[in-house]
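Look at the two complexes coming up: chain A is in both, with chain B in one and chain C in the other.
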Partner chain A sequence: MSRASRWIAIVVVAVLALLPFLPGAVDAYYFSFLFFVSLYAVMAQSWNLVAGYGGQISLGSHAFFGLGAYTTAILWSGNHLWGSLYDSHPNIYYFDPVTMLLGGFVAALAAVLIGLPLLSKLHGDYFALGTLGFGEIVKVIFVNGGDFTGGAFGIVAPASSFDTLRPHYWVGLGLMVATALAIHALMRSRYGLALIAVRDDEMAASANGIDTLKVKVAAFAGSAFIAGVAGSLYTFYIFHVGPDSVFDLDWMLLPLMMTVVGGTGTLLGPILGALVMYAVFDLARIVVPDYHPVISGLTIILAMLFLPKGLMRVGKRLKTA
Partner chain B sequence: MQADETLLRLEAVKKRFGGLVVLNNIDIAVGANELIGLIGPNGAGKSTLFNVITAIYAPTEGRVSFRGKDITGIAPHRISRLGIARTFQLVRTFLTMTAFENVMVGAVYGAGGRVKHATEAATAALELVGLSARRDMRTAHMTLSDRRMLEIARAIASDPALLLLDEPMAGLNPTEIQRMVDVIRRVRADRGISMLWVEHKVDAIMKVCSRVVVLDHGEKIADGTPRDVTQNRKVIEAYLGEPAA
Partner chain C sequence: MVNLPPPEILLQLSLNGALGGAMYGVAAVGLSLIFGTMRLIFLAQGAMIILAAYFVRALFYGLGIDPFLSLLIVVPVGLGVGWLIYQGLFRKAAAEEDRNVSLLIAVGLMFLVQNLMTVIWGGNTAGVVTSYTASGIELFGVRTSFTRSMGFLIALAGTGLVMLFLRKTIVGKAVRAASEDMDAATLMGISPHRVNAIAFAIGISLAGAAGVAVATTFPFNPFAGFIFSLKALVALALGGIGNVTGALAGGILLGLIEAYVQFFISGGWTNAIAYGVFLAVLMFKPEGLFSRPYKKA
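Presenting the complex of A and B:
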């Protein structure tokens, strides 16, 4: 990243961070819009890490998002497990960083457990289908989880904790910046070198001393960790975590599309894609509510036709043309 | 050249795919600082032999050992870290990386900790194969000849004791072939790396190698100096067919 673009990024983040202090901003439409853009940008970064940089197309992001969301909801609202604490202090887990990290860790642990068998045996499309199957299995397990998961209805967290959207906005922005910085640092390190090597040529990577299974599982787990933390943040927003909401395929499909539109395997592509695509989705939802999936679908088709490598590479193409 | 230390030893190696025996009872020993040519007609089992040594295939029977240690069937990345580097017949470079990054993979991971100063090792390896000027070029934009050189640079950056070259001259023109011969000689002279070199360009092998092994239909039919091998009756028959009676 050049000096100039670094300064631009710092200024943009600073302005966004100060935005909630603007009178009326918190109640404006664009405020919740920006919160959702940041949430989706984090999910897109999560997918980009394993698929864009790692070359392993995962279709299981929604499972890890849901695992993070459920972990938070169960910890927070598991009053049958540690009822007294919850009854006296209903807010105790609201935006608790440890709870959020645990959401990430549970998702990452699941990714390691499922990633070891899947990634050692399956490649390419087959791995993708395996992760899709895993998502369905997790959903069924949570539907049938009895009191522990709240069954088909899910778990309700104490919505009385809600006061303002400000903390959601700041945490979303913070996560978006933190994942981008972490992935930037990772890709400049020797681990990034191994990840790209595995993506470019797995056989050559292992012939050059790279333990390819370890690299792939680590990327899968890192991606799951990010998705789990995002799911945890969503719990603090939605307060009702149910199998149909947090295990919805949209939590995988939308970030995937956003990343592809923005630029797979680029640092800012997922953020740019999340901004552009969420704007298209939301605009279509408001202007033509009956047809909004059609508009969204058309946008994706057009993007694939005319920007097959994503928005981030348009500038590059213009420069070399 | 008589080796004082055996690096690689194959003992009674057999590889069968279903009913097809691709390698049968192969014994080969590679000593320190040896340059051995491995030739044979198409389908003789040369590439399979490489894949058995680098653990891409496990042998059906037999044993592969390196510096006296049994390495039969261990993971490919561990083979590299022990000090056996290789190149591929269909060249395999990391296409989205620069030349330097490719070589860094060898220096950082392939070496298994032997290389203390990876950047210096990578720079030296690029220089040895004559690619210093293309250091920051993306590999996808490089010519086949340069990519073959890059594979060798990546391999030697990992400071191996043994380098397996799988048809490094395939697809190269005469000028590039001469460059490759020079590089192979330099790798041996400057680094003292032993090489096992599969090649279809038999004349190049005969000129450069001190010892030649010939495979045919999965059997080792000759092992000796270039002069011995070219006069070996079995070798002549394998390449030209049986003489008319």
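Presenting the complex of A and C:
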């Protein structure tokens, strides 16, 4: 990153961070819009780590998102088994960083447990199919979780904690910046180089002494950790965590789409993709409310037909030409 | 220890499972063909099946055409639509190195078709009720509905025709060659775009045939297709990816597993166990349960 672009990035982030102090900003429409963009950008970044940089197409992001969301919901508001412990003071765990990190850790743990067998045995499309199957299994387990997970209805968190959208916004922005910085640093380290080597030629990487399984599982777990923390943040926003909402396939498909539209394997592509695609969806939702999913489908097809390499690489092509 | 139920019940369970599973099977055959040549997981297949079901329903209630007779319309239309879908949407993406692109086009197509159906026909559950919908057949003390048996026959006939096409015609041979090794096939003078388009045309016309079976048997809604795509994927993995008869057999096996799990364990766990089997097969027998070495179809 050049010096100028670094300064631009710092200024943009600072302006965004100070935005909530602007009078009326918190109640404005664009405030929740920006919150959702940051949430999706984090999810897109998570997918980009394992699929864009690691070359392992995962179709199970929604499972890790949901695991993080459920972990936070259960720790924060309790469930039917131990709910009474926390009922008296639910606000303690509202935006508790430990609760959020635990959401990420549970997702990462699940990723290691499923990633070890899957990644050692399956390659390419088979891995993608395996993660898709894994996501469906996790969902069924949570539907059948009885009192521990609240069954098909899920868990309702104490909505009384809600005061303003400001903390959501800041945490979302912070997560977006933190994941981008972490991935930037990671990709400049030995580990990042190893990951890219595995993506480009697994056999050559392994011949050069890279433990390919370890690298792939670590990327999968890191991606799951990010998705889990994002799920955790979503719990603080939605207050009702149910299998159909947090394990919805959209939590995998939309970030995947945003990443590809923005530019797979680029640092800012997922953020740009999240911004552009969420804007398109939201605009469609406002302008043609009855047809907006049709427009979304069309947008995906058109973007893939005309921008298969992603927005980030449009500029690059112009520069080299 | 589980007490085994009487044999009539076991037989009935097996029959219900097999008949239901044949529907997954015919969806899986289409997926298998498309995956074979393009290496694309065509997630929109289920949506195409439901689209065909709505089309059959419109033909029945609008023009009074019998659902099974409408096969004569739906299957050729499916061939044309499949050809057009490939030429219009996937032709460019098929040449891309990055296969995410075609996967995402399939996802976009799924969103588009699902929601167009919602706009046109509404989101409510629909069905086709004919004079014979309620009639049943009884054989050796086992009962089944007429429409389900017809669905099973359609699945068998569809798979059989595809098999004949692949085995006996020169174009079918080209499709098989392309599924085995696209680069080598291209060097032999086979046009990748042509075999891809043929695979798509046949895949979508099979979706049309499956749509007839679905329309006459089950109530359906615009979003019912996705679960079909997932089940078809499981069937595909059970049968061995790229193996056409295996895909049908995998569908029937999946139907049997579901029927038994529902009966012996609980309906709530059906999907988890089906996907568990799917993962286990992917990991330990990725070539499928029915594959024979050195002989692919």
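Here is the rule we use: the second predicted complex is superposed on the first by the 314 of 321 C-alpha atoms of A that agree within 3 Å, B and C clash if a C-alpha of one lies under 4 Å from a C-alpha of the other, contacts with A are read in each partner's own complex, and residues count from 1 in each chain.
By our rule, a residue touches a chain if its C-beta (ideal position, glycine included) is under 8 Å from a C-beta of that chain, and two chains touch if they have at least 3 such contacts.
Here the structure is a predicted model, which is why all the values come from computation and not from measurement.
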Room on chain A for both chain B and chain C (clash or fit): fit
Partner chain(s) touched by A:130 [first = chain B, second = chain C, both, neither]: second
First, second, both or neither for A:8, with chain B first and chain C second: neither
Which superposed partner A:297 touches (first chain B, second chain C, both, neither): second
Chain B versus chain C as contact partner of A:197, first or second or both or neither: first
Cα-centre angle that chain B and chain C span when viewed from chain A, reported as a multiple of 10 degrees: 80
First, second, both or neither for A:212, with chain B first and chain C second: first
First, second, both or neither for A:117, with chain B first and chain C second: second
Chain A: partner with more touched residues, chain B or chain C: C
After superposition on chain A, the shortest CA separation from chain B to chain C (Å): 11
Contact residues of chain A, present in both the chain B and the chain C interface: none
Residues of chain C that touch chain A when the two form their complex: 35, 39, 41, 89, 92-93, 96, 98, 100-105, 107-116, 118-119, 226, 230, 233-234, 237, 241, 268-269, 271-272, 275-276, 278-279, 282-284, 286
Contacting residues of chain A [partner chain B, same complex]: 190, 193-194, 196-197, 199-201, 203-212, 265
Touching residues on chain A, where the partner in the complex is chain C: 51, 57, 117-118, 121-122, 125-126, 128-130, 132-134, 136-137, 140-141, 143-144, 249, 253, 256-257, 260, 264, 290-291, 293-294, 296-301, 304-305, 308-309
Chain A contact footprint on chain B (complex, rising order): 54, 56, 75-77, 79-81, 85-86, 88, 92-97, 101, 104-106, 108-112, 154-155, 158
